[in-house]
Structure formats: structure tokens, C-alpha cells
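In this document, chain identifiers A, B, C and D correspond to the written order of the chains, with residue numbering beginning at 1 in each.
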Amino acid sequence: MPLRLKLKARDLARTLAATAAITGLVATAACGTRAGEETAATESCVDTSGDTVKVGSLNSLSGTMAISETTVRDAIALAVKEINAAGGVQGKTVEIVAEDGASEPTVFAEKAEKLIREDCVAAVFGGWTSASRKAMLPVFEDNDSLLYYPVQYEGLEASENIFYTGATTNQQIIPALDYLAETGVESIYLVGSDYVFPRTANAIINAYAEAHGIEVLGEDYVTLGSTEFSTIVNQVKSAGADAVFNTLNGDSNVAFFREYANVGLTAEDMPVMSVSIAEEEVGGIGVENIEGQLAAWNYYQTVDSPANTAFVEAFKAEYGADRVTSDPMEAAYTSVYLWAATVEKAGSFAVADVQAAADGVSFESPEGTVVIDGDTHHVTKTARIGEIRADGLLYTVWESEGPIEPDPFLEGYDWAAGLGDTE
Amino acid sequence: MDLLVGQLFTGLSTGSILLLAALGLSLTYGQMGVINMAHGEFIMAGCYTAYVVQQAVGDAGASLLIALPVGFLVGGAMGLVLETLLIRRLYHRPLDTLLVTFGVGLILQQVARDVFGAPAVNVAVPEALRGGVDLLGVTVPKTRLFIMALAVVSVAAVTLVLRFTPAGRRIRAVVGNRDLAETAGISSRRVDAGTFFIGSGLAGVAGVALTLIGSTSPTTGQSYLVDAFLVVVAGGMGRIKGAVVAAVALGALQAVFETYSTASLAKVGVFLVIVVFLQLRPQGLFTLRTRSLA
Amino acid sequence: MNTALSCKHIEVDFDGFKAVSGVDLELARGEVHFLIGPNGAGKTTLVDAITGLAKYSGSVVKDGEELRGKKVHHIARRGIGRTFQTAQVFDNLTVAQNLDIAAGAGRSPWTLLRRRRHLPQNVVDTMARIGLADHADTPAGVLAHGQKQWLEIGMLLVGDADVLLLDEPIAGMGHDERETTGRLLHDIAADRAVAVVEHDMDFMRAFASRVTVLHAGAVLASGSVDEVSNDPRVQEVYLGTAKEAADAATA
Amino acid sequence: MSPAPVRMFLKTRLGTWTGFGAAAIVLFGLAPLLLSGFRLGLLAQFICYAIVAVGIGLAWGRGGMLTLGQGVFFGMGAYLMAMHLKMADAEFRNGPGAVPDFMELAGIRELPAYWAPFSSPAFTIAMILLLPTAFAVLLGLAVFKRRVKGAYFAILSQALAGAFAILLIGQQSLGGFNGLSRFQYFFGFTLADPVNQQMLYFIAAGVLLAVVAIALQLRRSRYGELLVAVRDAEERVRFLGYDAANVKVVAYAVAALFASVAGAVFVPVVGIISPASIGIVPSIMFILGVAIGGRASLVGPVVGALAVAWAQTALSEQFPSAWTYAQGLLFIAIIALLPGGIASVFKRFPTKRTPVEAAA
């Protein structure tokens, strides 16, 4: 007995050594490409031999972002349904494989990889937060597949493997600033959630303000999801700016606008320009707290065009008359049509063919004509400033003169030089 | 001057919100040593109570007055069910209780999501509470004054109940010495259930009140929970006095940090202060010193 | 007299309530020293104070060294061991493991991180001494009530404590077990100081070498069993009132 | 064959080797043969969670410290590794001292000083091993010496996770809310290459075996017995002359080290680390797997963590709402009714030698 026990004292060292040896051996044997060497291209497994072709719909169906992203999923499904009813793409029925991103970047990366490698989808539609897009980007690049990302974002990105169908900064932030400047705003106060979009947006706003003689009286960030705005709103009030530029996200808007109304600030004396409040969010904030305030988007449910009338009708018919349509939904809906049109133009589902054919592909979308820019993989978009009215909808009060060319790196703006270098 | 008054007010206001959220927790934690992670979801239930009552009643002012007692009953009833079905059976296993109630919280959140939908719903602020009052050069929203008043009333009510009613005396007896109280013929089981009812009811009341300033969504409760726990930890378990002082102190601390740095760093700063504070007073601000082994 | 532990003017204050007020106590090697007194007399609190659990004023000196202000585990390492009213043993560990842990407070980290090759000799000896030799591999949690108390005493023995403070070591024991325990106490007191907090008068009369009576946090009387039993004050405050309680506890 | 003899056998030296051998065959032989590259990558990710779980099993199951903040240490390891990978990528593209791509986008032109040393692989690995461990020791000493324990400790550790996540979100030089992602190379190997992805899997599997071996040694050592003693009767241990706080600090620090290493492996496997993976909710979700598998057992937490991660992936896509209910119910059912986890089901025939396996 003591003898046996004696030997056991060395078990740990031996096990560790054995493990290290096995790992080392197997790992060395398995070593592949090193830095600088050409990686063997991963073979696409997309199967286009049958009557159907699969696409992925990757949205958060659970977690904090589910609120917003389920609406995008619905819009994607609607577009696919319409396309199938009209004969499909290249004569094939489009089949959706839906996945849950669970509001977590790692899950987005994992599910994207699954859609590409296991489900062999021809393209993926979805993503909302920048974090989810950043997480998915390497997956799409490494596996050479396509993502259609339908949400306005902070720009400074142009991947071969992503089509950005939401607005970049020069199609949303800059027009919003132009509008404020036109209406005589000379000082602004910046309030945002503490993450990349508000920080990037505010960097642009600061540069713009400096170039255009607008004074920035304050710049405050709150933790995502924070509902404590007492300090900030008091600072906003005492600063007495002409307008507030709001890049808050999600529930924080509710608390912010309530506090804002409660300290007696109104849209008349200090309008708030928001870039993350769409039709869906107005209900939760309470119309009475936000009526008259401004938002900057490319699309509202109230946009007056035949394409939009048809879209809104079809959406309500599919999901219920009480549902509203919003900018990201419209962009997602549009992105499916853009993909279909590109595939038709290329005559192929292959990623390289779609990439090659993309430039100039256009679609009469609910927001107006959109055209893919082959260089940046963004689309042209019309900027619209909307006012929130008593019925909870947003109405266009200002519109850019025609669609704006995408400029994700703001190369066409002298004052923006040095904001972010190209890669 | 303005800044100082503003900060003072913000501190008090934040503190009163923390206090409302933490008061019930302090009671149940002190009573049974039970950490109820579903407390946040009881607050959330209070928010939705306010919403439902407002949908039914229509008038925002009347519905708020109705929702406060209804919220108390809803929260209390949920607490009673939780205590009877689960917590009672896990007595002497405080860590397990913590995890089990976390599971309950997850389920309640999902129930809210399935019943009311994931997007935030709007609970209108009564006309009488809109706008602000100018105090020493600072505009103080009426909703926050209301919440401060409600926090004071809640603390007063709890103190009065504990001190002057037979039920309250029984609760204090059990908190002081459970075994002794039992030998004196007090059914600690019924006292536990009663305490949990009151503590959870207070969460419901807090929920109703918090609709005035925050959003009402399935995840609303979570945002208050961790801060509420820190109040209880810093205040010392089961001490209403401790909860009051800790809530106001943390509120003020948060406000000061927020003014001189960012809101994000404020949270981190508050946490560090609590860890350092526990070095000095490991059992919190106020504790009963007894000879029982910890 | 071979004094092992000397307590001078111990005072313990719980938020204004003086649980112990000005107690002097000497524990000598070779003696089984009983601490008796009604409920709330401060017996356990006194033990808490000596062992570093309760804050106190006054002084506790063992072998010339002042112990006040030292941490619990430092006091324990200086050879002061205690048991609790309800035996505190490690229910999920075996008797051998319990004793091995108790024997090893001074082990180096390196020893701790290796497996136990064989039981230390004093653990084996002590197991026999406390009558648990056949239970080496029995989880402490399944031991009988009395056996747990013996195990707890055994844990102090293997830890080389030479001042043992035992809090009601025969609570809940049958007659034979009491006898065994009493003899064990005398046996181990040969070269140690043993203090016993007890309610049981018969047990006290049978095995005490010296008795100190506490009342309301102060020493009422101290001396041999006979001296104390004949002290009229003791008869008045203690034997009169607490006899029934003690009997009830015995029954 | 009833479970008891199997368990008896596994307690012997031969049994231990057999167990490790079988695990090695499954992990190094069967899994790569049977699973597609994608599934293998997924398994590597789950293994990272399992490594964290082994540490939690030690701290919570054996030591009674319910640590609701393991995400902090997981995050430390992950961020430290991610910093090195970003540095290496930048230097490969633009030479020494180059600024990682995400900083350029955030408008940071100068490499922050604290980033510079992370271009060294050796420094990075040393920090992954030392920094979280040292932090855990400091925090553990601060907390345990003051006898903060039980629920107090649980709440504090949870608040720590919350504070840490918030702190990271505020750090633009660490990628802020988006975290760090888009890694090209892992110590010189191209991450996009499937062969290298398989290599990462082998590393993860090897780390898991090593971690289990360390945990096994700790459990079987005198320290392991002492830890259980502290869990069950901390005051008794203290009155025997031990500084119980030190005993706890060791287990807490080892759990932190495991979590940190898991995080470091997680980053190249998954390709991203962000505050969303390390806050309060992810931290408490680490606990679920441990509870299901059996907190006090050695292999239970590993199995539990793998099972929960798998169920999350498999079920959440079809039934996102049902999965949340399932998580809640699992917490309630397992902890209330089966506190020993699945492992305890196989222990209906208690063997004399290991009563320590009983639930805390």
C-alpha cells in the first residue's frame, strides 16, 4: 500500500509531460501555413445543382438586441418570399436558413461559420451591431463568402466580402449636420452610448463643427443600457446649446428623453437630433416625451413612393397591421433584392462572380433608387431628416437632393482628413 | 454653486432609486440570509403592473396611485410563491438559493418577453409629475422628487411596521436570533414567508415608481440588481439604517465620479470603494455583533 | 502549580452589553478545570475571547507570551485548542483525514501539495486513544454523536495543543460514554491543561480537579469541587436555579 | 457492470492512466476523425469553457467559493492574448511599432505604451499566466482575510465582473464595446488555414487534459483534503492553526489561472473577444455547466460545460425562447433537486474512500 501511494506522487508530472508530448507531436504534425505564405483557398460548398439555393438569415432572436433584429429577420423573409413568388433567383427557389446571433459577437461569428461551412449558403443577410459585424468579418473573409449588412454604421470599412446596405456616415451623420447648420444651429451638445458608433460619429461631428464654425459645448457618454441621466441632462440644460446630437442606443433613449422632458426641455427650445431612434423605438419612449424631436435616416414608413406603399402593405399583410417598418428593415429588404439582382446579372451564385458583377446593380427600393458602388461595396442612399409626430411615426422634413454616393472613408471631405486612414 | 446643488440632488436622487430597489432586498437578505437574484425581475413585474393598470385605467395619474398598491401585491405574491416553493426548501444553502433564484429570474424575463413582447412599452407619466421645479438654480424633475418622497415613505413604513406591529416584532426577533425566537414560540416559517412578501412587495412598488424615469422592458430589472446588491453588502445585512446610508452614499459617490470622470469609470470607482470599504468594515456599515459563529 | 494559561481581567463587550466583565482565570497543567455557570454566564464567550474569536480587553498569557490581539490561527498554533458546543468535524472527510489535517498545521506548501503517503504515527496512536481505530476510513459525518466529540478532542491532541478548551464535551452522551470521556480527559490532562465548560453537575463532581463558577460575566467562586459546592453564593445563584436545566439536558 | 466498481477502478493508479488514455484517444483521435473542421472548431471553443469549468469546480465545488466573476479572468487571458495577436498582425504588415488596425480606425496614432511589450510572445504568455493569478491572489487576500465569504463573496465577484466589463467598454485602446477581432496569425501561423485551426483544437484539448491533471493532483493531495475541510467548517480549520484564507486563495488563484489560459486559447479559436463575453451574464453561465455536471466532481464540470455549450448551439437556433426557459429550469431543477449534478447519479453506491465528493 505505501509503495503504491509513493509512486502516485509523481503522477502529476508524468501526466503533464505525456499531455505536453502528445499535444506537441500532434500539433507539430498538424502545422499548416505560416505567416506570409499563400493560404490554400477554401473550397466553397454552395450547391446550385438543385432547384433551390440556400441563403442565411443571421439575427439576434434572443438577448438584448432581439428587439430590433427580429424585425430585420421579418423583412428578409418577406423579400425572399416575394422573390420566390416572382420565380426565384436564376430560376431557383431561395430557401432561408435562420440562425440566432443571441446578441453576442462570438455567437455571430460561430453561426456565420456554421451557415457558410455546414449549411453552404450562397449569402448571409443580417447583423446589427458593429461588434457583430466586426466579429463576422474575418469569418466571411477567411471562408470567402458574402454578408449583406443592413444597418447604418460608423463607416471606415470596406470589405470585399461584405455589402453594406445601410448608411455610412456621409449618408446620415453629415446630412444631419448639414440640416442643423442650415436651420441656424451654432452650438451643439453630444450625448452618446459608450461604444464605437457614437465615438466615431462624434469624432466626425467635432471635425465638422470645427470646419463649419459650430461650437461643441459638451460630449458625454453613458454605459450601454444605462438609465441614469440626471447629471447629463442637467449639464445639457445648463450648457444651453442650440441642439443636441444624440447617439444613444436602446433603452437609454427612454430614460434620456423622459429626463429631458421632465427638466422642461422641448423640441422648440433645444431640438434633439437622434440617429438610432426609428419607428420601433418611439412606442417605448412614449410619444409625449419625444414629439417634435428629429431623427436622421434614409427611410421612414411615411416615405411617399409607390415602391414604399407596396412594401408597407405587403409587410403589414404578412405580419399584422399594427407593425411598423423602419430604416434597417427596409435596408435588409432591399439587400435581398440587390443580391438577387446581382446574381441575375452575373448569371452565377459564385462569390467571385457576384463581386465582379456588383458595380452598378440598382434596385427601386422603398427609399428610392439604390445603386451598388463596386469599389466600396456600399450603396447610394437618400438622406432624410424626420420629425416625430403625435401618431408615433416619423415624417420627412428635409431630404437630400437625390441619392448620396457612399464615402465610407470620407475622402471627399477636406475637413475630415485624418479622421481615419484607409487600410 | 449650481454644480454643487446639482450634484447633491443627483446623489440624493440616485440614492433614493438605489434605496427603493434595495430596500426589499435588504429585508429578505437580513431575515433569511437569502440572496434573491429574482428581485430584479420582481421590480420588472412592478413596471409591467404599472403598464397594465395604465392600459386598463387610462388616466395616468389615477393609474399610478392604483398601481402602487397593486404592484406591492403583485411583487409580494410572486415573492410568496417563490419562498414557499423553492427558498424554504433550500434553507441553509444560501449559495444554491442564489443560483436557483437566478434561474427563476431568467424564466420571468422570458415570460415578460413572450407576454409583452421584447420592445420596451411606454408607461405615461402623469400630467402632475411632468416638468420640473426650480430649486436653488437647478431644475429638479418632479418625477425624481416623487421617487425621493416614495423612498422616504417606504423606509418609514418599513421601520414603523418592524418596530410597532406584532408581526414586525416577530421579524426582528427572528433576525436577532432565529433559534431563540423559535423556542419562544414564533413560527419562523411564517415569519419568513411574511418577510418575503413584504420585501418582494417593495420591489413591486419600486418597479411601479421606476417607470416614471426609466424604460419598461423585460431586462429592466437586471439593470438595478447589481447596484442594489452592492447597497445591501455595503450597508450590512438586514439593517434598514445601513441600506439607507449606503444607498445615499453610493448615489453621491456615483454622482461625484460621474461629474469628474465618465459614467463608465464611475461604476468601476464605486466598486473599488466598496472593496476598500469592506477591508475596514467586513460586515458592512451596521451590524449586530453577536457571539454566534459567523 | 504548573500554570499553562493565565487570564487577567478579561472583559468582552457586545455593543454595550458586557458578556464577560473582569474575569481572572488560571489553567494549570495536570488539572481538569471545570467552568460552570448558568446560561448567559459568559462561559463560551470567555472561550471565544481566549481563542481570539471575540474582542476583549485584559490579558491572556500562555507560557509568558501575551495572546491578546493575535489572530485565531496564530493562537491555535501556540497550542490552544478548543471544541464547540456541537462538535465541529469535517463531515465529508474520513476520521483519518480529519486527524491528518489537524496534525498538519505546520506543514510546508510542498508537503501539502503532495498526496499523503502514510498516516503520521501520532494520528494512528490518537485514533486508538479516542477509540476510533476501527473507523479510520469512516466519514466523520456518519459517526455517532459521542464519537464526533471524541474525534474533535483527538484533533486537538494530534495538533499538539497543550491547553484544551472543551465546550460541553459530553452533551448528548450516554452514561458509559461519559465515563469513557471523563477518563480520557484525565488521561490527556496528565501533561496538559484541560478546561471544560459543562452544565452536568454529576460529571463535574466525578472528574473536576478544580472548578470555577461564572455568573453574569464574573467569577463567583473558584476552588475544589467541595469548596465550590459548599459556597453559599454558588448554591444560591447556580445550584438552585440551573439544576433543573442541567438535569433536563442530561435526560 | 455497476458504476461503483468502475469508480473504484478509476481511483487506482492504473485506472487514472486508463482514464486519461481514453480521454486522449477521444480528444486526439476520434474527434478529429469524426468531426468536420467547423465542428472541431466549435468543440475547441467548448473545450475552453470546460477549462474554466474545471477551475470553478475546484473553487466552488471543493472550496465552497461561488465565484460569479470568472469572466474577469477569462477576459484577462483573452485580452492579453488578443493584444499579442493584434500586435503581431500589425508588425507583420507594417513593421515594428506599427499600430494595430482597429486603433487606426479609432483615431489612435501612437501605440499606447502598455501595448508595446505584447509584441513579445514570451512576455505575453508570462502575463497570461501571471497577471490574472496575481490579481486573484491580491483580491482573494483582501476578501478572504477579512472573512468575507459565502453570499457576500458571490455578490462581490459578480459586481467585479460587471465593473470589469464596463471598464473594458470604456477603453478605446482595447477596442471598446466591439472588443478585439480580426486576427491573421497565431505565433506565425495563418489562422485561416484549416490545418492550423486543427492545430488550435489540439492545443485546446491538450490544455484541457493538463488542467484536469493538475486539478486531480490538487484534489488527491493533502491540500485537497484541507480545502474540503475549509469548505465544510472554516472556523474549525482556523482553530486548528491554519490560516484558512490562504487555503482559499490558492484554489481561487488556480481557478483564475485556468480561466485565463482558457481565455487565451479561446481568442485564436473563435477570432474575437469583446466585453459581451465576460460580463455578469456570461460569468454566471459558466456556473450552469459546472452545476449540471457536478460541482464537486472532477470530470463532471467538463462534461457539464460541454453539454451546456452544445445545447446552447443546437437548441437556441430552433427555439430561442424555449432555450431561455430551459436554462432557467436547469438552474432550478439541478441545484434544488440534484445539487451533486449528473456526477452524483453515478455515485448511488458510495465508495468508502471518497466521501469528499458529497455536495457542498
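What we mean here is this: contacts are C-beta pairs under 8 Å (C-beta built on N, C-alpha and C of every residue); 3 or more make two chains touch, one makes a residue touch a chain.
Bear in mind the structure is a predicted one, so any value in this text is a computation, not a measurement.
Engineer: Between which chains do we find the greatest number of C-beta pairs in contact?
Structural biologist: A-D
Engineer: Based on CA centres, what chain would you say lies at the far end from chain B?
Structural biologist: C
Engineer: Provide the C-alpha centroid distance between chain A and chain C, rounded to the nearest whole angstrom.
Structural biologist: A distance of 71 Å separates the two centres.
Engineer: So, what's the distance in Å between the C-alpha centres of chain D and chain A?
Structural biologist: Between these chains, centre-to-centre, one finds 32 Å.
Engineer: Indicate the whole-number Å distance between the mean C-alpha point of chain B and the mean C-alpha point of chain C.
Structural biologist: Spacing between the chain centres: roughly 45 Å.
Engineer: Please set out, as single numbers or ranges, the residues of chain C touching at least two other chains.
Structural biologist: 84, 114-116
Engineer: In chain B, what residues contact two or more other chains?
Structural biologist: 113, 262, 264, 267, 293
Engineer: Give the residues of chain A touching no fewer than two other chains, as numbers and ranges.
Structural biologist: 8, 66, 194, 221, 223
Engineer: Of all residues in chain A, which touch chain D in the complex?
Structural biologist: So the residues of chain A touching chain D come out as 4, 7-8, 11-12, 15-16, 18-20, 22-23, 26-27, 30-37, 39-40, 42, 61-62, 66, 98-100, 102-106, 109-111, 113-114, 117-118, 130-131, 134-135, 137-139, 141-142, 156-157, 194-196, 199-200, 203, 221, 223-224, 419-421, 423.
Engineer: Of all residues in chain D, which touch chain C in the complex?
Structural biologist: Residues of chain D touching chain C: 217-218, 220-223, 225-226, 228-229, 232-233, 235-244, 352-353, 355-358.
Engineer: If you look only at chain D, which of its residues touch chain A in the complex?
Structural biologist: Listed in rising order, the residues are 13, 16, 20, 24, 28, 36-39, 41-42, 45, 92, 101, 104-107, 166, 169-170, 172, 176-179, 181-185, 188-196, 198-199, 202-203, 205-207, 209-210, 213-214, 216-217, 220, 270-272, 274, 276-277, 313, 316-317, 320-321, 323-324.
Engineer: Contact residues on chain B for chain D in the complex?
Structural biologist: Per the stated touch rule, the residues are 29, 33, 35, 86, 89-90, 93-96, 98-100, 102-107, 109-110, 113-114, 226, 229-230, 232-233, 262, 264-265, 267-268, 271-272, 274-275, 278-279, 282, 293-294.
Engineer: Quick one: in the complex, what on chain B touches chain A?
Structural biologist: Those residues of chain B that touch chain A are 2, 6-7, 9-10, 13-14, 17, 113, 118-125, 129-132, 138-139, 141-144, 212-217, 219-220, 223, 254-255, 258-259, 262-264, 267.
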